[in-house]
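Okay, got some structures for you below.
Shared between the two complexes below is chain A, which pairs with chain B and chain C, respectively.
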Partner chain A sequence: MRHRKYPFIVGFLIVPVALYALLVIWPYLQTFGYSLTDWSGESTVMHFVGLRNYTTLFSDTVFRQALLHNALLLVFLPVVTILLALFFAFMLNVGGRGGTGGVQGVRGAAVYKVVFFFPQVLSIAILAVLFEAVYRSDGGGLLNGILQKLGLEDPQRPIEWLNDPNLVLWCILAILVWSGVGFYLVLFSAAMQSIPKEVYEAALLDGAGRVQTFFRVTLPLLWDSVQTAWVYLAIAAMDAFALVSTLTPGVAYGGGPDYHGEVMATYLMRNFLYFGKSGYACAMGVVILFLTLILSAVALRVTRRERIEF
Partner chain B sequence: MSTPIKDPTPAPERLAPAPRPRRTDPRTRFADGGGVLNVFSHGFLALWAVMIVLPLAWIVLSSFKTDGQIGGSAWTWPTHWSLEVFVRAWNKGIGGFFLNTVVVLAFSVTLTMLFGSMAAYVLARYEFPGNRVLYYFFVAGAMFPVYLALVPLFFMVRNLGMLNTYQGLILVYVAYSLPFTVFFLHSFFRTLPTAVHEAAMIDGCSHTRAFFQVMLPIAKPGLLSVGIFNVLGQWNQYILPLTLMQKQSGSDRDHSMLTQGLVNLMLQQGYAGDMPALFAGMTIAMVPVLVVYLSFQRQVQAGLTAGTLK
Partner chain C sequence: MGSTIEPNRLNRRDLIKRATALGIAAVPASGLLSACAASGGGGKQETGKKTATNPFGVVGDAGLEVIIFKGGFGDDYAKRFEKLYSKEFPGSKVTHTPTQNITGLLQPRLNGGNPPDVVDDSGNAQIKLDVLQKAGQLTDLTPLLDAPSIDDPSKKVRETLQPGTVELGTIGGTFCTLQYVYTVFGLWYSGKLFRQHGWSEPKTWADFMSLSGEIKKAGIAPFAHQGKYPYYINVAIMDLAIKNGGPDFMNRVDKLDETVWDEAPAKNAIEAIHQIVSNNYLLPGTNGMTHIEAQTAWNQYKAAFVPCGAWLENEQLKATPSDFEMTFMPMPSLPGDKMPFEAIRGGANEPYIVPAKAKNAAGGMEFMRVMLSKAGAIAFAQTANSLTVVKDALGPDVQLRPGTKSTVTALKAAGSNVFNPTYLYTASSLDVDMGNASSELMAGRIQPAEWLKRVKAATVKAKKNGS
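Right, the complex of A and B next:
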């Protein structure tokens, strides 16, 4: 009955593989090729320029500024998100006062989880409209409205969140944290639930407090998940395209004011679709790709620890 | 994902809101349970929940306000409640975007599930040379950000003559959803029992029929999880339609997806436009996601975090 196996295998694989190779793999590979040309995107004419796009890139001050902003996101996004998510996950899974059953989460843990995760399923467009309104630069904005209500801000001189060169990047970071914490909370919760309760009960019998339990028991046992979260957040920090392009001021794909909100991805898209420098944009893409790969490898290497079996 | 109840404590005792007797027994709770830390951590959980719900509720409420109120203060209350604004938003373009998205998703999700499950099934259940290579070929695509392939993808779709067409976007959505779908379903098909399949084969069932009539019905839970994931993911997709669904000429029909159309409305209208309609449009875009999320939140959270839990 196995004699017609190969026609079946080929028949099932041919469409998915062809579609995937044509629309996903081939464009990725082409990016490398185009990055060595002076292709403008509009014409079919292009010249091989070797590594010139790459050398131009490293003396491009805007790109360097964008790189710096991605680096800042890279430092703060994982740290803030992971700390908040770990804290919440711990509270929701083991932080409760414990009934006769021993270790459990705080009351209403299930509801908190549903609420905290919700921003994760909202699209970028919804986040953009929402935070455009929250960060409004007059009393009609939610943040300025709250600050004015509390008397912390002069209504005549409201804070222009997204137009302030010193604030714009932090506003973007806040949105990324706001929407990301729930996801990592659920990730850590799943890992925490696989830790046997006896471990906690032992700690509890020995008189450990919650802080001690967290640092001595939970964190070491969760290290694998924390590592995964770190890599995911590092990749997200290298991206940030959608929020920056929709929320920050600028002619095409945001990046303002005066490049203070620029990230590499928005600069890439502007070069590609607005300046017509497709070859240059591809070179940028290749650099971002390698930076992301190196970062993931480094993150995995640096955070590697002895695995604890339980 | 609600916390599974692991301890055998009878329900009434768990629900009893009387912690007093427990408090006297030092062994049943953390040494520092209660007190300042408890108030602090409960407060912080509640604060974060408010930070998520408040902006969303505020902006839904704002769609009932007038333009003047929105520009004035964040703290005004709508004067008259009428659904007229939602009708206005729907007629102003949101309705068209909504229907475009539904049409595209109806085909793209169906095809994603069909091709994804076919490929995953063959890769998971049949031995043939190159099996592992193909599997990694699929999974690798999930690791790179989409915008790295955007430049060549744009020209690829243009050469196929499919810019700003439903079929072009459907094919691209399917191709970019395959990595995760194959990855998720591959591990799912591996866990299914082989006995039923073998029995069907002995009864003279063909490979194709065994797949559609025996294996797919058994795999329903896995298909549901990844299907919901794809619905949400494709519904929220922003950067792909932004690049591929722009009007090619003045007479070209506007095939914008909902997310893209919403952001365009936001960017065009700015502060001078019809803000209540924009907020109403955002609400319309959010409602389907909210309904899907609340009805299937277990599967949503499982599906979204499955990619990170190896």
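Right, the complex of A and C next:
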């Protein structure tokens, strides 16, 4: 039967690979082609300009600022999200110590798991509407309303969360973390449940506390999942388009105030559709693609460790 | 090249926002948008016999496909146009497609050579008109101008339009877009609130400031603006400057002459606006508000004035109390103004096009002729609460809402003192950069001198990129 193996495999692969090539690879190649032109976006007329878009791009201060913001998200989004998700997952699965010495989560763990997962169910459009109300710049907003009720804020001088150059990016980060933690919590929970209870019981018998159990047992055995989470979150940090374009101030796809909320994707879209510099925007798209690819490769490489079998 | 910025775009933010938010999945693959940009095709056009009542030779049973940007004006008005059209051609099947995503719907069909017959090319996802024109995608609408008017066959359609309509719709030497809606810009207040307190419309900036002091004492914020979208405050600043410096000043701004920012009109305007900030006359939080949040606070009598275009009434229809008496006024006069108090920014916008490769292009033009009849203009004024470029279509017998009525009065009072800067349409980066500077100024983070410096630099940049 061995001679029939390859037709069999090819038969399964040909459709997905063809679709992938047509819908992913080919557009990327086209984008690269357009990035070498001065294409305006709505006509078939364009001129070859070589690498001029790329040279312009690297001296573009707004793009560099956007890149810096993505880099900040890249550092903080995975770290904060993964730490919180790990902490909650640990508490929900093995953090409890009540009862007869078995390994279990804190009381009500099943309920918490569902509650934490809620944000993940919300579509990004709903998130935007929701957080527009949370961050609203007068007493009608959730945050400002609470601060004013507590007497911590002068109603005449409310904090304009998304219009404050020092706060806007962190406000966006907070939404990304809030909406992401639930998913990674469930991911880590599932992984934790596949760790045999005996391992924990052994650790308990040896007198390990919660902290020691977590760092010596749980984390090493979860490393595969953490690694995956890291890559996903890093890719999300390179994007952030929907939230920035809907929530931050500014003409055409937000990014304000005064570029303090700008990310690469919003700057790309403004150039693509608003300034009619589609060729230039395609160059940004190519740069973002390569940055994301490099990032994924690095993340997978750096976090590679020996797998522990159990 | 700059893009066409259509003022009404911003009042549709909430819709657009949802559209962009839903588009998240598409974003990492923005390049995909370009995927089929360079393909082509063709279709056959249908034309019949031209007669006096059918000047474009529409084939009676040919279908008509209409795509309408569903924004601040809604799309009910278009349904009324379609009814009027169907009355003329009962055999024709009219397809009505409302959308917020014009580019997404139209771009592949233009490139594929099977476009619809009439498009309201508007909103945030509008396809830029100069680009379409250069690509040969637009039908020359000159026959429409020379066709007889539906109301009075002895007149040409051209003679029934507000001045400036033909010029504004002409791109690259051909009249290929019909900018249908006539919008005026200024300040808005509640007639009821003002009567209650015995306040009267301030004609000069000094009056405006002293009235603002009184308003503040009454516990109301004098001024709200749509801070999240600095487009609105830009309009207020530029209108003050243009009224102060006259049409000559405006022409130099439009020609991207950066030296205007060193001169008195620009300085007077930005310092006047800055007085609102320095006297603390802003509605708390207004700098971070969306247009809907700010305008609704204004509807709730939390603020006295708000700057906006004439779409305001329709946009706030649900939020406005029935006895609010929405009233329009021109921007107050600065000392030494070259234009009178009555002068306002006004112009046609909301561009309608007939794609060059449309199957029923004749029907598309006939649809526009219906729009430009008095019945069409009245339908629009009543369903979308806005004026159109059809001259004198709204007699005193036409029922209008108070805000719309006050714009009719203001437009009449302005006479020939109506101006409409074009830098917005030709230098989009200047508008974006000016908006950033204005937001910073309104938030008290920069001073007028810095605003002037930034806008001057932005003008130099726009000139360098644009040519």
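Everything below uses one rule, namely that the second predicted complex is superposed on the first by the 281 of 310 C-alpha atoms of A that agree within 3 Å, B and C clash if a C-alpha of one lies under 4 Å from a C-alpha of the other, contacts with A are read in each partner's own complex, and residues count from 1 in each chain.
Note that a contact is a pair of C-beta atoms (placed from the backbone, for glycine too) under 8 Å apart; a residue touches a chain by one contact, two chains touch by 3 or more.
Please read these numbers as outputs of a predicted model, since none were measured by experiment.
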- Overlay done on chain A, so just call it for chain B and chain C: clash or fit. clash
- First (chain B), second (chain C), both or neither: which does A:Gln120 touch? first
- Query: Touch check for A:Gly250: first (chain B), second (chain C), both, or neither?
  - Reply: second
- Message: With both complexes overlaid on chain A, does A:Tyr112 touch chain B (first), chain C (second), both or neither?
- Response: first
- Task: Once the structures are superposed on A, label A:Asp239 by its partner contacts, choosing first (chain B), second (chain C), both or neither.
- Result: both
- Looking at chain A, does chain B or chain C touch a larger number of its residues? B
- Message: Contact-wise, after the overlay, does A:Glu132 reach chain B, chain C, both or neither (first, second, both, neither)?
- Response: both
- Query: Touch check for A:Val15: first (chain B), second (chain C), both, or neither?
  - Reply: first
- Query: For A:Phe48, is the partner it touches chain B (first), chain C (second), both, or none of the two (neither)?
  - Reply: neither
- Query: After superposition on the shared chain, which partner residues are touched by A:Val181: those of chain B (first), chain C (second), both, or neither?
  - Reply: first
- Query: Between chain B (first) and chain C (second), which does A:Gly285 come into contact with in this model arrangement: first, second, both, or neither?
  - Reply: both
- Item | Clash with chain C, by chain B stretch, listed 43-51, 205-213, 223-231 or 259-267 | 259-267
- Intersected contact list for chain A, partners chain B and chain C 24, 26-28, 30-31, 34, 41, 123-125, 128, 132, 138-141, 144, 235, 239, 241-242, 246, 265, 268-269, 272-273, 278, 281-282, 285-286, 288, 292
- Task: Provide the residue numbers of chain A that touch chain B in the complex, in ascending order.
- Result: 1, 4-6, 8-9, 11-13, 15-17, 19-20, 22-28, 30-31, 34, 41, 84, 87-88, 91-93, 95, 97-102, 104-106, 109-110, 112-126, 128-134, 138-142, 144-146, 149, 178, 181-183, 186-187, 189-191, 193, 197, 204-205, 207-211, 213, 225, 228-229, 232, 235, 238-239, 241-242, 246, 265, 268-269, 272-273, 278, 281-282, 285-286, 288-289, 292
- Given the complex, residues on chain A that touch chain C span 24, 26-28, 30-31, 34, 39-45, 123-125, 128, 132, 135-141, 144, 155-158, 160-163, 165, 235, 239, 241-242, 245-246, 249-253, 256-259, 265, 268-270, 272-276, 278, 281-282, 285-286, 288, 292
- Sites on chain C touched by chain A in the complex: 1-3, 17-18, 20-24, 27-35, 37-38, 40, 103, 107, 110-111, 124-125, 127-128, 131-132, 134-135, 137, 227-231, 280, 283-290, 293, 297, 428-429, 431-432, 435-437, 439-440, 443, 445
- Note on the structure: Residue set of chain B touching chain A in the complex reads 1-4, 6-9, 13-14, 19, 22, 27-34, 37-38, 41-42, 44-45, 48-49, 51-56, 58-59, 62, 70-75, 115-116, 118-119, 121-123, 126, 128, 134, 137-138, 141, 144-145, 147-153, 155-156, 171-172, 174-176, 178-179, 182, 201-202, 204, 206-208, 211, 232, 235-239, 243, 258-260, 262-263, 266-267, 278-279, 281-282, 285-286, 289-290, 292-294, 297, 300-301, 304-305, 308-309
